[in-house]
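There are two complexes below, and they share chain A, which is joined by chain B in the first and by chain C in the second.
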Partner chain A sequence: MGGANAPRRLSGMQKQVLALYRGFLRAARSKSPDDRRRVESIVSAEFRRGARQVDRKNFLYIEYLLRRGKKQLDQLRSPDTTALSSLNFIPPSQSVDSRK
Partner chain B sequence: MASVSAASVTFRALSKPSLKSNETSSLKVVSLGWRKNGFPSLRSSRFRVSCAQAKPETVDKVCEIVRKQLALPAEAELTPESKFSAIGADSLDTVEIVMALEEEFDISVEEESSQNITTVQEAADLIEKLVQKKPEA
Partner chain C sequence: MAMRAAILRHIRLPARAQTLAAAAAAAAPRSWDRSPLGGSRAMSSHGDDHLAKEEVAERVLSVVKSFPKVDPATVTPDVHFQNDLGLDSLDNVEIVMALEEEFKLEIPDLEADKIDSCHLAIEYIYNHPMAG
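This part shows the complex of A and B:
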């Protein structure tokens, strides 16, 4: 993680991730309070898990996650969508891709 | 010289029809700065006006939201100058804080400016600016 005091310069990819996160939180606002809370906790957990576990240099994987996230966000934006159970699905590849 | 300060004072009054007690106090600060500077050039006065300090209650509210958002313990110190990164907020937290502030103040923060916010004071100043811009309903 960057120095605590240095002005943080975000890479383009970091900005994309943050923009996606913002998009999710915006979309969650349009749901009922209960659904919203659920969606927010799932989304937040998902992004934090990514921040913890995904190698910062694994651009291909991050790009894949970004694409996947954008699609999920499009679905979430639809007024018919009330929950994000799909985000609970964690592909088993997760355990394979890191540490050797 | 006098005409310059008069012009900017009316500008302030125009942008905020509701003159509150703090309003006058912040005006005082501005004029004091001029006197100290001794150089009330058009440029410096504009700069001062555009970055007018946020009202104390805005700062307090921002602090409160930041505390809630980061689940800071009550004894944790939080000043307007506290850097978000110094109180343990990562970039995702910062996004959450900005989103919460948007809702609280009923404003919309652009992507770019939200990434430049690093302290409570900066957030409060930005909010102040956006709230003033908002057309009075």
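This part shows the complex of A and C:
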């Protein structure tokens, strides 16, 4: 180890985000194959959008997204939930404004 | 007797593990003779169902190669997912999850965050007693 292949250090917050992502992918496994694919594509798109658009120093907003994501994950884990249609993802700009 | 049968049903190996082991044995008879770690593996206490390192490596590489964003030609046992394959940390999570499914494992978050290369993935899975 070492050199170019040295392990990347993840911040605590990054670890939380990755753990949440993992949680969503795990929860998706319990759905039917079709629902699983749908859930995975929505979740993946949403996390990638966050990674692209959210300033990595905007800790307050990221914490808010983490809290929101955990609630959505709890919903998804319920066996009755087959899709994420009930979860309306709010674009970051709007949701920030609405919290002020 | 009924109790014994019930217990045996529970501890029986999954059919897939047996067929895989049989397939591996048929494909590479006495492959341990040629393996660099052969001697120690033959003495292993893990039993016959434990995966050979070659098989683990092969299946890890095939999972990584089938990842949509990865150019299969660039995948070797030494590649680092993010440094060498141009993946990000979310892709890294997806690959480790795909490996979990391939080997019927559940890898805890703390371990999963550390698996960032084919090499580490192979080591981790090879040393995991439940990998099947």
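What we mean here is this: the second predicted complex is superposed on the first by the 82 of 100 C-alpha atoms of A that agree within 3 Å, B and C clash if a C-alpha of one lies under 4 Å from a C-alpha of the other, contacts with A are read in each partner's own complex, and residues count from 1 in each chain.
One rule holds in what follows: a residue touches a chain if its C-beta (ideal position, glycine included) is under 8 Å from a C-beta of that chain, and two chains touch if they have at least 3 such contacts.
The structure presented is a predicted model; accordingly, all values stated were derived computationally and were not measured.
Undergrad: With both complexes overlaid on chain A, does A:A51 touch chain B (first), chain C (second), both or neither?
TA: It touches chain B and chain C both.
Undergrad: For A:S30, decide between first (touching chain B), second (touching chain C), both and neither.
TA: A:S30 sits against neither chain B nor chain C.
Undergrad: A:L10 contacts which: chain B (first), chain C (second), both, neither?
TA: Touch partners of A:L10: chain B and chain C.
Undergrad: When the two structures are overlaid on chain A, which partner does A:T81 contact: first (chain B), second (chain C), both, or neither?
TA: neither
Undergrad: Which partner does A:Y21 reach: the first (chain B), the second (chain C), both, or neither?
TA: So A:Y21 meets both chain B and chain C here.
Undergrad: Enumerate the residues of chain A that count as touching chain B in its complex and touching chain C in the other.
TA: Touching chain B in the first complex and chain C in the second, residues 4-5, 7-8, 10, 14-15, 18-19, 21-22, 25-26, 29, 44, 47-48, 51 of chain A appear in both lists.
Undergrad: Where on chain C does chain A make contact in their complex?
TA: Its residues touching chain A are 80, 82-83, 88-90, 92-94, 97, 101, 109, 112-114, 116-117.
Undergrad: Can you list the chain A residues touching chain B in their complex?
TA: 1, 4-5, 7-8, 10, 14-15, 18-19, 21-22, 25-26, 29, 44, 47-48, 51
Undergrad: Can you tell me which positions in chain B touch chain A when the two form their complex?
TA: The touching residues are 83, 85-86, 90-92, 95-96, 98-99, 103, 111, 114-115, 118.
Undergrad: Please name which positions on chain A make contact with chain C in the complex.
TA: So the residues of chain A touching chain C come out as 4-5, 7-8, 10, 14-15, 18-19, 21-22, 25-26, 29, 44, 47-48, 51.
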